[in-house]
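Before any comments, here is the structure.
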Amino acid sequence: MKTLLTNLSGRKVATLVGDLLETISLWSTGKGRGPVGADALLETVEALLSRRGEASGVMLARLVLDAYEDASAEEKTLFLRTLCESFGADETALAAAIEAFHVAPSPQAAARLNAASEPRRREVLRRLNLAPEGTPALVRMREDVLARLREEPGLKPLDDDFAQVFASWFNRGFLTLRPIDWHTPAAVLEKIIRYEAVHVIEGWDDLRSRLAPPDRRCFAFFHPGLPDEPLIFVEVALTRAIPDAIAPLLVLARDPIAAEEATTAVFYSISNTQKGLAGVSFGNFLIKQVVEDLRHALPNLTTFVTLSPVPGFAKWLAKERADAASTHLGASERTALDRLDDPEWHRDPAACEAIRPALLAAAARYFLVARVDGRLPDPVGRFHLGNGARLERLDFLGDRSPQGLAQSHGLMVNYLYVLEDIERNHEEFVERSVVTASSEVRKRLPREAVAKV
Amino acid sequence: MKTLLTNLSGRKVATLVGDLLETISLWSTGKGRGPVGADALLETVEALLSRRGEASGVMLARLVLDAYEDASAEEKTLFLRTLCESFGADETALAAAIEAFHVAPSPQAAARLNAASEPRRREVLRRLNLAPEGTPALVRMREDVLARLREEPGLKPLDDDFAQVFASWFNRGFLTLRPIDWHTPAAVLEKIIRYEAVHVIEGWDDLRSRLAPPDRRCFAFFHPGLPDEPLIFVEVALTRAIPDAIAPLLVLARDPIAAEEATTAVFYSISNTQKGLAGVSFGNFLIKQVVEDLRHALPNLTTFVTLSPVPGFAKWLAKERADAASTHLGASERTALDRLDDPEWHRDPAACEAIRPALLAAAARYFLVARVDGRLPDPVGRFHLGNGARLERLDFLGDRSPQGLAQSHGLMVNYLYVLEDIERNHEEFVERSVVTASSEVRKRLPREAVAKV
Amino acid sequence: MKTLLTNLSGRKVATLVGDLLETISLWSTGKGRGPVGADALLETVEALLSRRGEASGVMLARLVLDAYEDASAEEKTLFLRTLCESFGADETALAAAIEAFHVAPSPQAAARLNAASEPRRREVLRRLNLAPEGTPALVRMREDVLARLREEPGLKPLDDDFAQVFASWFNRGFLTLRPIDWHTPAAVLEKIIRYEAVHVIEGWDDLRSRLAPPDRRCFAFFHPGLPDEPLIFVEVALTRAIPDAIAPLLVLARDPIAAEEATTAVFYSISNTQKGLAGVSFGNFLIKQVVEDLRHALPNLTTFVTLSPVPGFAKWLAKERADAASTHLGASERTALDRLDDPEWHRDPAACEAIRPALLAAAARYFLVARVDGRLPDPVGRFHLGNGARLERLDFLGDRSPQGLAQSHGLMVNYLYVLEDIERNHEEFVERSVVTASSEVRKRLPREAVAKV
Amino acid sequence: MKTLLTNLSGRKVATLVGDLLETISLWSTGKGRGPVGADALLETVEALLSRRGEASGVMLARLVLDAYEDASAEEKTLFLRTLCESFGADETALAAAIEAFHVAPSPQAAARLNAASEPRRREVLRRLNLAPEGTPALVRMREDVLARLREEPGLKPLDDDFAQVFASWFNRGFLTLRPIDWHTPAAVLEKIIRYEAVHVIEGWDDLRSRLAPPDRRCFAFFHPGLPDEPLIFVEVALTRAIPDAIAPLLVLARDPIAAEEATTAVFYSISNTQKGLAGVSFGNFLIKQVVEDLRHALPNLTTFVTLSPVPGFAKWLAKERADAASTHLGASERTALDRLDDPEWHRDPAACEAIRPALLAAAARYFLVARVDGRLPDPVGRFHLGNGARLERLDFLGDRSPQGLAQSHGLMVNYLYVLEDIERNHEEFVERSVVTASSEVRKRLPREAVAKV
């Protein structure tokens, strides 16, 4: 607040914004909490929506966002609650619009109804964006809303407004794909380290090994309103074959190959970064764009494939094993899978050989047959298959890290992207819940299970 | 279309998009006009809104925009009409939402009503923006709508949708202010020449004289979706005093002053460029931002002022002179103003001296007293005064060009921007229709008129 | 000077640079011309070379360059003359170094001799370059030297020093090749218009037609010390065949082809821009680099060829025709060539047909046989053939412009660049004065002439 | 080599470069070492200097540099030795030039002598720079020369040539000052970590703490021929007072101040990065430029000062203490300084208090009086005082790190840069070996010592 007030020429502004500033200031310094704070809030935001907002919108938006940024957690909750409750649709106007539609329904009357039913919160969000650095501040505010949603379910309508406004602003047409490499500013790179959600980046040396070698690529979507923030990024390894394990890809000391020698682009990690943009989906667009761009830049690439975790598998398998009536596991498989209970099984070659066929058969059923609440129980699978990829291969012990063993007994999978088949695969998956898979994967299914697919 | 089809791998796409493409193609080549064309349109756009749109949205959006771009004027009209008529709100859903609100009005029910009443056209526009170069294509499409509006008033709802969607996308928070100077790419500069709407730029030498000298500046707003298109720009002269005529500012061979010596920044031209963005206002933000930036860069600048045309004055004055009952003109003024009927009056010093006081008195009344349909009859005046500027000076024969003489008998005015007074001036003007003016301007009013102000 | 003095904090500087400044100032204001001026010059430049120059080199260099820039033409002459005469090698040191070499010749003694014999002017030039904007100022100073050389042949040693220093600084390794297109800043483009030396650019529309269409390219070398100055540039047309006339390439309203459809890159104009860099050659490197880059960017390009003027041809031919004893022209050819004396011959198809074989035969002899002072009399030919190109085709009436008719009776030629043959062709031309030419060109030679080649 | 050969179209090149390539290849693969290798070298480099070099200089330079890069250490030594020995001045031409000068001494004859005495090595270096990436390759080659100089003193003439050529190329006028901050590409930042020579950077977090906070700055000089290589950089802290210890500046967790609040810019580390550019001095220019730029950007800054180590102090002091006859130490001081022999003295407040006055008195004499071989024994002192700074303060225990204690018993000093005094201070120091110091420092001298200064 101080910066702001000294930037403006104090006296005049005081006159301008009047008592408003004073009360905000009280509120934000915590001296006048409770009803006073709420009142001040109402007044400032009302000012922003009013004619005053036309003349001084940028300044008022800054006032509100700065005060919010400086506020305590409780004050923020209060702000959000009030915003949610007091800036809904204008009820009188809404009643009138409904009445008018009843009397004479028409496209025009529907449009009027639409305008009257829009909660005023949305215009508040749009006007707050007038401030410099408004967009990042609003994304953080949405994070605050999401973090409170469980305890304050009443904030749901506000969250819906954020989602609706962000979906319009973060339209794919406004995103730019930028390569991330060792020439990228450190300010962006440290965010790649921080946000990597699949295979943790252990520091700058690890990062360098993922960006600098000639057979590594990384791409991110950026939005002009958040210039230093990658919204989502994907890490790619260029290889000569589809890999069946993650560790060799992440080894620091490798002999890289020349990019021109690669035939296969492996998407081995894809991470969203902005919690505040939850529900605005980018991943679908990102992968397809990267496939197109790589295909153009490196014509030798013919295969575009992921190396993906299977985060829901161990949990699902545990449930099936616990359920004696489960039809997904045969008796001999159950016996073999019992050896998984030895935490050291993966170090014992004999155990591995015994477990492998049973685990892969179970995995095939997990992907192709099992449905929980009518859907594939694996979120990563839903993402790639929903994007139109096909399930290409099951990689036994592809991930021997503690996390990999815990979530999927080490199982990884490859999803294959063939641009020409994407729409058909997507259609099959979304419309009929059918997973397109390679014959190699399908063969893992016992005969009776195949019949069901 | 050809480019598109050869870019995609023909066979598969044919399967994908199926009959659709065929019908679009028929339609776009004009072989299958009428109902067929409309059907194909409906189908493609429906596909874009459907699940298929999720998987192949970028491609479908390109199909639609490319087909539209290649279409004839009549086909475009047909497309726009169909889009307007067939993609309104879902009537069943709307009826249900109204019913639900009746039964149990609540914020949730209002939100559902809002969603149900949104015309599907808006989502069509948002999805079309997925295509590369989608935003410029949509801005051109809006231009087409506006050009047809008089003959096809039924397109109004579609125009409203464009306005609503663009207002969200072109939020000031996403605009960047960039200086335009002699180091700007020629591809942008030629648009400055083309779009300059106030004082025509006669070619590259004229342009250079407005950009290159140390006492000239130009700034434009850009949007990331239209990277080479200035949306609005303002031309600025740095001077040692408030100028009272335009010609000396535009002379090609001047002795420029050093920027540091200037005390006054003169906004002598401001032009919108994108017809398709009509109704999305930028000018207000542009001027205030430029004032802030210049003040920071050149601390010696203390005065920020326009040199503006008065486009409505001659027409208003003619009407008052024709109306014997007009209270705005006294008898002696009428006599003096009769000399305006000699087209060469401005070359005759004696005539000028006779006309000057009468014309300035009339001008003072035009700005301070006269109202047509309750508002100031001057559009440029409404813009600057609505932005919170004050009327600083009336410049007799400030513009001796044929256009200047025709529209305002050569009158120009200076509007003064004082950041600290902007909100109060705006309030006065918008709320009470009172124009804040300097005492010099106010003195031009006869005593009895002052009383009315 | 004023700017400089107010930038520095006056009092102290006066102390610093002492009387020096005063005398410079006298000199540069013209009050103390003659011996005083020369003395002041000597002192300032001596200061720059001295220890004082170590501490304040940047400032002293600015003083000298600013004073020079502001000086009158006579003062500049005086400055250059003094610089040339008074800053030669230190004679005492040189004598000692010679003596030492006599006594004991060794590499070390040779090195000492080299150091002692370097004129101090070169270090002056290097130190002047410490000033901001020093390089362009020095390039302009060299222009001044060149312009005076005929009248002041005594400046030759100074010119040699410039040439030597510039050859080191403008080493090809420090040049960057940049495309020039319609997105290039206007400040650079106006220099393209100004410097185009072969086919005049008639203004911005003409420029646009050479840069913006998809089948046009332009490239320039830039040096970091002259950031806005293209040093040399080449204009390229992408075509489907080797063109035989210039007019169709320069037509404003053409239907351009897609770059990917072109098989041939035509270098139709190459221009040096900096007179002050005379003798530092870039053209050789430019063409080869552009050939490499285009070949990489557009793999369909297989032919790299010029369309070039023949500026020495008409003059040579006139001399041969006037010389009855010339062996280059046969009797029937002389008769045919007499028709050239009708200035309208090129509009008369019959005359053209009669002249064509004789003119082409003469042209073949001009290139392949005729030598003046032991060398090919055509400067453009010497440039391209010396670069290792081969003479591919003679284009009768390729340039019907008045200039084209005057300098070569309309003749143009194509030089072909085949990277693999460049070294051999160069060797042949430079070592043995043999022009490599296509068989089509060679066939134009009468049998007896062939024998001589 | 392989890359190169496949890049060129094999067959033709073989013809072109002929046997040359073969022998180089033999040489570089080590199969034909000894006389063959040397011969091949001679031939290639001769080719580069010859007419062949005009046509194919870029390619030949690449051949040489690539072969050199791939060579073993012994081969490199051989290459450098041969280059040094076989490419001196042309002896016949030199003899003739000397003779001519004897007969008729003149500026022209001196110039001819200069040209004839230039070792051909220099032209070799200039031609090698034609290759892409030639400059960094040559800087590395000079590093190799320097590393061999002790064992191969015969390489000195070659080293001199490098120094001479680099001094011309790396003229300050071609350097650009660029800020280094947290937005700088990681590829550059990792070099800052690697090259920091004064206060080791412990990794990326440490680096961040020196670049990202608002009260930290870093600047480097770059040369266009080495685009990713900072040549020299300086780290700056913005503070409210002249600091007297380094540790608080380097603490990771600090509360930074706003840049606008700072009055003092502290240069606490300056590091050269390119060993291969030894002898080309940048530091002088860097500091002065940074002072100018900071003064412009942050007008509140009034003091520009270093916080510097005193690397020669402990060694000098040990010698004086060991020398009973030394006049620099009084008896009581000797007693006090004996406590330095306890390695833990700096943790004992009483010892510190006892040592302080004696150590500071000794330090004052070290800087102001003591001279070794006629000069100040401290290299950092020579650098800053030679630049024209003044010795502002002695900081007792300013550096408690092991290195600081070892080299200077923890002493640090501040050198103050006052632009206006720089030339005078420089003059005093260089001409008369007088160190300009503050009265505070001078007061540390015992009366009798003062008399000597």
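Going by the order they are written in, the chains are A, B, C and D; count residues from 1 in each one.
What we mean here is this: a contact is a pair of C-beta atoms (placed from the backbone, for glycine too) under 8 Å apart; a residue touches a chain by one contact, two chains touch by 3 or more.
The shown structure was predicted, so the numbers you read here are calculated from the model rather than taken from an experiment.
Novice: Smallest number of touch links from chain A to reach chain C?
Specialist: The distance in steps between these two chains is 2.
Novice: Which chains are shared contacts of chain C and chain D?
Specialist: none
Novice: Please report how many Å separate the Cα centroid of chain B from that of chain D, as a whole number.
Specialist: Their C-alpha centroids are separated by 58 Å.
Novice: Round to the nearest whole Å and give the separation of the Cα centres of chain B and chain C.
Specialist: 50
Novice: Could you tell me the distance, in whole angstrom, between the mean C-alpha positions of chain A and chain B?
Specialist: About 37 Å, centre to centre.
Novice: Specify, in ascending order, the residues of chain A that touch 2 or more different other chains.
Specialist: none
Novice: Can you name the residues of chain A that touch chain D in the complex?
Specialist: 182-187, 189-190, 203-204, 208, 212
Novice: For a test of understanding, state which residues of chain C touch chain D in their complex under the given definition.
Specialist: Spelled out, the residues of chain C in touch with chain D are 9, 12-13, 15-16, 51-52, 54-58, 88-89, 94, 98, 101-102, 107-108, 110-111, 113-114, 117-119, 126, 129-132, 134-135, 157, 160, 165, 167-169, 171-174, 176, 224-225, 284-285, 288, 386-388, 420-424, 426-427, 430-431.
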